[in-house]
Amino acid sequence: MTDRRRINGPPEGTTPLEFLTGFTHQSVIKRSPTTLRKIFLKTSLTPPATGSAFLELPTPSSPSTPTLKLTASVYGPRPLPSATAFSPNARLTAELKFSPFSTPGRRRGYIRDGVERDLSAQLSLALVKSVDVGKYPKSAIDVFVSVLDCEGGLGDPGDGKGGGGVEVGLMGVLAAAISCASAAIADAGIECFDLVAGGVAGAMLERDGDVEVGRVGEGGDSGGARPRGEHARKVTLVLDPSPAGDYVILAAAAVGYMAAKDELTLVWTKGSMSPSSDGTEETERLIDGAIRAAIGVRLVINEAIKERWLLGLNEIGLIKEKGVGGDGDTAMD
Amino acid sequence: MPRELDPTANEKSFILDALNQKLRIDGRDLDSFRELELNFGDDYGLADVRLGKTRVLARVSAEVVKPFADRPFEGIFTITTELGPMASPAFEPGRQTEQEVLLSRLIEKAIRRSNALDTESLCIVAGQKCWQIRADVHFLSHDGALVDASCIAVVAALQHFRRPDVSIEGEKVTIHTMTERVPVPLSILHVPICVTFSFYLDGEVCLIDATLQEEQLRQGDMTITLNKFGELCQISKAGGLAINALNLLRCAKVALVKVGEITATVQRRLEEDAAVRVRRDNLLESKADNERA
Amino acid sequence: MSQDPPLLPPLALPGQPLAQSPPYTAGTGTHTQNSTSTITASIAGIPRAHTDMSISVTRPTASHPHSHPNPNPNPNPLLLPEVASAVLARVTRLNPRQATVEIFALQANHAGAEMGVCEHTFQGLIRAQDVRATERDRVKILDCFRVGDVVRAVVISLGDQSNYYLSTASNSLGVIVAHSDAGDPLHPINWRQMACARTGIVEERKVAKPI
Amino acid sequence: MSRYEILSPEGLRTDGRRWNEIRRFSAKMATTTAADGSSYVEHGNTKVICSVNGPIEPRAANARSSERATITVDVCFAAFSGTDRKKRGKGDKYSTRPIKSPNLPTYQGGGGALLMGRAQSKRRVLEMQSALSRTFASTLLTALHPRSEVHISLHILSQDGSILATCVNAATLALVDAGVPMTDYVTACTVASYTNPDESDEPLLDMNSAEEMDLPGITLATVGRSDRISLLQLETKVRLERLEGMLAVGLDGCGKIRQLLDEVVREHGNEMARMGTL
Amino acid sequence: MAPPQTSQQTGTPLSPAELSYLHTSLTLTPPIRPDSRTPTQFRPLIAESDILPSTNGSARMIWGDGGECVVGVKAEVEKNSASTGGARDWIEISVEVSGQRDDDAFLGMTVAESLLVPGSGVLERLVLGERFHWKVFVDILLLTPPLSHPATLLTLTTYLALRNTFLPRLVSEVAEDPVFDDDWDNALALYPIGRIPPPITLLVVSVGENIFFDPTREELAVGDVALAVSICGKKVVGVRTLEGGSGGVGREVIKRVIKESHEVAEEVFGSLNSVGEGD
């Protein structure tokens, strides 16, 4: 009965406002499948944080192109809150949050929803395996990633696309978050075994005019009973697919990859029932593709960190400009 | 959270021994209520019940609201209870304790769910407008038998309440002020009264209207709600000491008698109060009569 | 520098291999990969080979990248108390059994590290039996510390969930800065007393040997 | 009073039972090893899983009493237990099951009513929990385990009337399985009071949900073989005279249930003996 | 009582010594598991399906370690306009772990992801004419959290439930409001035989050279990497990394895990289906 005291909403509800998202995705399709989008990465932009990084991709050529912007900041190692029990290792927690205005059309609330909790969990997984937690007993390392703008939605249901294919939006966000956070950790000077770079790869199915794969109905029976002819359609491996892309992704994989050690800290793949093969080698191809993407990203991270350091070192004239042959990334191959 | 202090060992043994000899420390015999004192406020729908040291205030108010979409032909009747620190230091404001929930559920079942108030009669325009009758129960001091007292308070207040008269021509609904037209009483279908029994000494002894101390010492309790026509509205014996079925039936019989007495008292007090009012606003009364004629 | 190590890059990045574990050993800022026993950088910084065949990677402390108005001493966020590292701590709470302190500066216990101010303070505990080396059972905490004193101590254990355990059981360790009740600075007069220059009042402390 | 015949002229009920027959009753003990004691009871289409932990150290400080064990009860309606799936509000774990009563139409749709329904059922669950815990508090020998807690958690998987009663029975089994000392079984059943066309009344043992909707009825729990009633609940209006008849039938019903529970327990005991766990 | 084991926390009470012992015994060839299972062997479990009359499909599973899971599937008719999110909102999954406040995000996502695999053809079976569709609620109730990671238990039970989910047959025309055949025998299976079955998710942990299925909490704690591999029909449709393990792993390991789980899945499906026929 107590509920009668509170003021209920109008009995006949109101419909939320529809925003038009005027994205032209042409720029994306022009990219060749194996080239990554240009990445802009800059470290230590958040003074209060121990280490921080800002990542944006692709560097907007025209204001209309959808971009992914996110910042990562690392705090710690700092003493654990007194309530928590003694732990011989550092506790690394990662939290990924979409800012309310990040997704076009729909405003996101401030409370973390399922997606965010899930991504946060995966992010901390990917990072914790790279950090040398043994070096920082009974201390906490907190990583905060906030997504400022995410290329035309997470591909979460609602923005039309992706009926026939899997969603790569979230994977893209996660991969970017991993790279950015890893750069921030390196910037903080926290000891880690290796830097983690996130990479995404997808099996792309060009959509030719006549067949609509986008709709559920079609996507439905594409599983078992797909006409022979359909298989003729080209399925190509595309690195770093953009969710804004005007094509159907049949399967995708995101990895957290430590290039120097050639080890994976995170694997996340999604598949679809078409083409009907057993997905194993498909998945393997995708993982390899994602790793290739990650290697590309890794080079960017290296450069970003080095750039930062040269800046720092020049200030105190510890070394002169030419001193660095930039062979940091020769280590990668 | 503060707790009611338990009686000391001495008090305990004393009271129980006394009960064993069928004696109560306040001298009542086992199946008698404390002196029931019922007063009404100046304006309609305010009932003040005193049962020994227990004092409960019930306020009935009415407003015009939109009926629930799924029941367009019925008005809304809500009862709200809140155990505040005023009644006893053991109660905190705000957060609902289990005791409070149980209490409100009981009153709920006893009065609202037994349809003491005819909600159809509260409908003004089907699906558009209806009266919402709301009974707020305030506990002023707590010395046991809260349920019984508050139940009496609510039914008394409901009977005492008068809502403004309404007239409808076409779409237009006019609500007349108290002075304009004689306010109309609510249509009460029956008058449920709660009687709470407390059991001691493995069911040998059972009390009516236990004081706080007695409540703290009881092994089990049962609340029976009846009206004077002998209709059971609600029984709730939520666990506690297991009682022989025959005893329970005996209790029910006793309860019926008590309910008779109490309803009578309530009725008497209502009439007395009505008489007073008539004397007071005789003028207005007669004027209204002429208008109606 | 005896013989030149295999070219160390001017700037090392985490995960970058620097040298083979034999003959070299992993110094600070590096770790040895178990699989291929190579010394690998764990932080971004400048790799150096030391005479003792150890390879270390260090961040030039002066330029912690983002501290542009550069406050000195520059709080180093990466300082953590380890066992045997010397610390400076301020006494915050006293009871007959122990003194609670907050560690605000410490010196990592690897070669050539100097005392650094930490970004966060760590809570420490000096138990009565750890105050001095001799007649530990006679120690009265209240005669050794006062709230507000600055103490030099060493970490003897990472302790429990909330405290690091410290010890002052050495001549060089103990109270180094103290004030009298009146608030005047106190000067050590012997190993268990300090005196106020102005009033000459003498208070009990566990005094650190002045350096 | 009801759209269809609750009791056919031949004296058969909608599900073909006679007035004094209970529905198919099957129960299992020790269904899971994760809890100290557990049980699964199917009474007609009402299905309840119960698990008991205890005596354990109280999880909440206020659940600690120095002279006896406190008994805490969690009742949880599964989202799919009702006829239509409950719409769960943020955070609350209670079903918004419509309040049954002959003269109140059931809550469905209608924002306000739903809200009310949810608030209602929340308190209803709380009431159930306290009723259960008080019922067992009086039958378990709680004084043997002071400063400890016995936690009973009940999951209602499917509701078809007599829910409180089934909960009591399930809890009894689980408590026996957990080995919590008790004076005797607590067994419960429900009785409806049917009004014949000729205004004569007829008690019907063990209501299903349809009967609960249309008829006034009581839920009662007795201790052991005695006719001592530890729990008695009536929520809808009925003539006082009828109570006696209902009680009589109810006591008899509880006796039947007790018989069934007893068989289950003994069966389980023999089973364990055969497995050599005893 | 058993601590509620969420996917976020794999706390084990084991000492470093015990862990290393466990690790070595698991890296042996052939490996020795604490409960002497073969690497691909699952723990014994009791499963029954179709237990709840008030649901469209239901299943219950009890594991040796006391984990108990009940899944109920309910379908309601809904206007297409009602679900703004498009077809993906037509199936709603909620994971409720008893004694825990809010639902478990990770598990929920994992199940949802594999369940909504594009092309599995479920969604189009939910279409009712032009304006209506079935809204399917999959409520997963983890009664007593098992001592190990609940993912496997949970998805296997969900598989059983969905396998036995039936929807009344539509008798009305496409355009008009849906009317249903009330004869339950003519009801249509949500996952008809011969079509793509519902997915399952296997929990796999790799230690050294060895790969273990249905790992216990302890095995998870010492594993190099723990993966949740979702298989739908004969196809691997999703892989996720779980917490546990330290440092990264080579890609070969991952690939081997995926391969093996694909093979093992065959048997699992087999046994699960036999349950379906069993009762």
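Order of writing sets the labels: A, B, C, D and E. Residues in every chain begin at 1.
Definition applied: contacts are C-beta pairs under 8 Å (C-beta built on N, C-alpha and C of every residue); 3 or more make two chains touch, one makes a residue touch a chain.
The chain lineup, named per UniProt: A, D = Exoribonuclease phosphorolytic domain-containing protein; B = Exosome complex component RRP45; C = Exosome complex component CSL4 C-terminal domain-containing protein; E = Ribosomal RNA-processing protein 42.
Please read all numbers here as calculations on a predicted model, not as lab measurements.
Path length between chain A and chain C in the touching-chain graph (shortest route): 1. When chain centres are taken as C-alpha averages, the shortest distance to the whole-protein C-alpha average belongs to E. Ranked by distance of CA centroids from chain B, the top chain is C. Set side by side, D-E and A-E show the greater C-beta contact count at A-E. A separation of 72 Å divides the Cα centre of chain B from that of chain C.
The centroid of the Cα atoms in chain A and the matching centroid in chain D are 51 Å apart.
Distance from the chain A centre to the chain B centre is 63 Å, each centre being the mean of its Cα atoms.
Shown for chain B are the residues in touch with two or more other chains, namely 69, 104. Within chain A, contacts with two or more other chains are made by residues 1-2, 4, 11, 193-194, 258, 261. Shown for chain D are the residues that touch two or more other chains, namely 111-112, 116.
Across the complex, chain A is touched by residues 7-8, 84-89, 103, 105-106, 108-109, 113, 117-125, 127, 195-196, 225, 227, 232-243, 245-251, 254-255, 258-259, 262 of chain E. If you check the complex, the residues on chain A that touch chain C are 43-47, 50, 52, 76-80, 82, 84-86, 88, 132, 135-139, 186-195, 258-261, 302, 305-306, 308-313, 315-316, 318-319, 323-325, 327-328, 331. Here chain D touches chain B in the complex through residues 62, 99, 101, 103-105, 107-113, 116, 123-124, 126-127, 130-139, 218, 222-223, 226-244, 247-248, 251, going by the rule given at the top.
On the chain D side of its complex with chain E, the touching residues are 31-35, 38, 45, 47, 49, 51, 53, 56, 74, 76, 78-85, 88, 91, 93, 151, 153, 155, 157-160. The touching residues of chain B, when paired with chain D in their complex, are 1, 68-71, 98, 101-102, 104-105, 109, 113-115, 203, 219-220, 222, 226, 230-245, 248-249, 252, 256.
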